[in-house]
């Protein structure tokens, strides 16, 4: 199982804070997961076409080529605006 | 009359906090005044041979070529160490 | 990297903080560090010409603390600093409210200034916080997620 | 340059100061400046390996205020900053005592950081203060005027 979480404007656009993805035998990258999510429907596709989105795996920022394994927590979110 | 003041280690070395100099008709620079003071005696000469001494006229830092006029306050002091 | 060692250095909280209390703790029994630099960020009343009424801060629990701990470790590797404290508030804030505090002590002021600014610059682009503003624009109330600034990304890159 | 306009910005005093009070005044009725940076310098317990017991600060009344006013004007010319406060203590101080405070507010943090560090760097080489330390060196008490540091002169020159 892979846990996927969304934050801020992205969470609102998707109207989804988190979901789970069954881990199968195929090795997946963060980009692969993004593609899977985009394939859900038109809204998800449009939302994930935003190239400025950031991703993190297990609380560390990663890029799209990062490999995801079962038990990981994958996060997608817009550029951060704290401080 | 020109007022001359000394601070910190310089004041202690000279054992003098201030003195007055009669303003005569000769135009004087800060360096001229330094020379006059050096001429007082051995101790003053030695003290003013310290090339790191700073000078101010009327509360503004100046260099040795600054012209001094009657009524001015001339200050000599070591490099500053506040903050 | 142990989270434990950063327990006292990082606080993500809804509650307000008190500058004097934080500085007291940074200076307490600390006579080797002669310099302390603090940064405090507050909610301003204007953004892009519109009147801000409130600001809501969302974050990513867990990642927030981890990212700030990493930033503090990097600061300690780069500069000779003593104690560090980073506080970031979450939830709903009003104009004038404090949002963020960074305090750094050091033997020499240059290290405290640089490390403090570095921590703020990195926090701005690496710590998972997001601001949503309620603004009044020509009499109309609306909610907007703030857009990240390129200038923040550029500034953070200057340190690398 | 009117001294009057700097009356609230500069204080040379024997008395201690309170960081919270100073920050309160810098922020009071000030909702346009989202950033505030403070620097506080305190008496350390060591200098060049010897134990410092007390520090006595001498200054040049009149020139001190004028030089600090000039430094603040230069900072305001270079950066978009809001309010400024500079406090410098004089007289006899003990270990841990506060010596100097610089507070700067601004719309954007970069200006507040830069202006604050600039003011401290210039104060270090242009404001007429002198420190005399009482130190215990191998059991012997002595008084020494502190020597100016070349590093301070070099650092101030980086701004020009």
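Order as written gives the chain letters A, B, C and D; numbering starts at 1 within each chain.
In the analysis below, a contact is a pair of C-beta atoms (placed from the backbone, for glycine too) under 8 Å apart; a residue touches a chain by one contact, two chains touch by 3 or more.
In this text the structure is predicted, and so the values were computed from the model without any measurement.
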Quiz item: Any chains in contact with both chain B and chain C?
Solution: D
Quiz item: So how far apart, in whole Å, are chain A and chain D when each is placed at the average of its C-alpha atoms?
Solution: 49
Quiz prompt | Between chain A and chain C, centroid-to-centroid distance (C-alpha), Å | solution = 26
Quiz item: Of all residues in chain A, which are in touch with two or more distinct other chains?
Solution: none
Quiz item: What are the residues of chain D that contact at least two other chains?
Solution: 41, 120
Quiz prompt | Pairs of chains in contact (touch as defined earlier), listed by label | solution = A-C, B-D, C-D
Quiz item: Can you list the residues on chain C that touch chain A in the complex?
Solution: 41, 57-60, 62-63, 66-67, 88, 99-100, 120, 123-132, 145-148, 153
Quiz prompt | Contact set on chain A toward chain C in their complex | solution = 5, 7-9, 12, 52, 56, 59-61, 75, 77-83
Quiz item: For chain D, which residues count as touching chain C in their complex?
Solution: 18-20, 23, 27, 31-46, 95-96, 107, 109-110, 112-113, 116-117, 120, 155
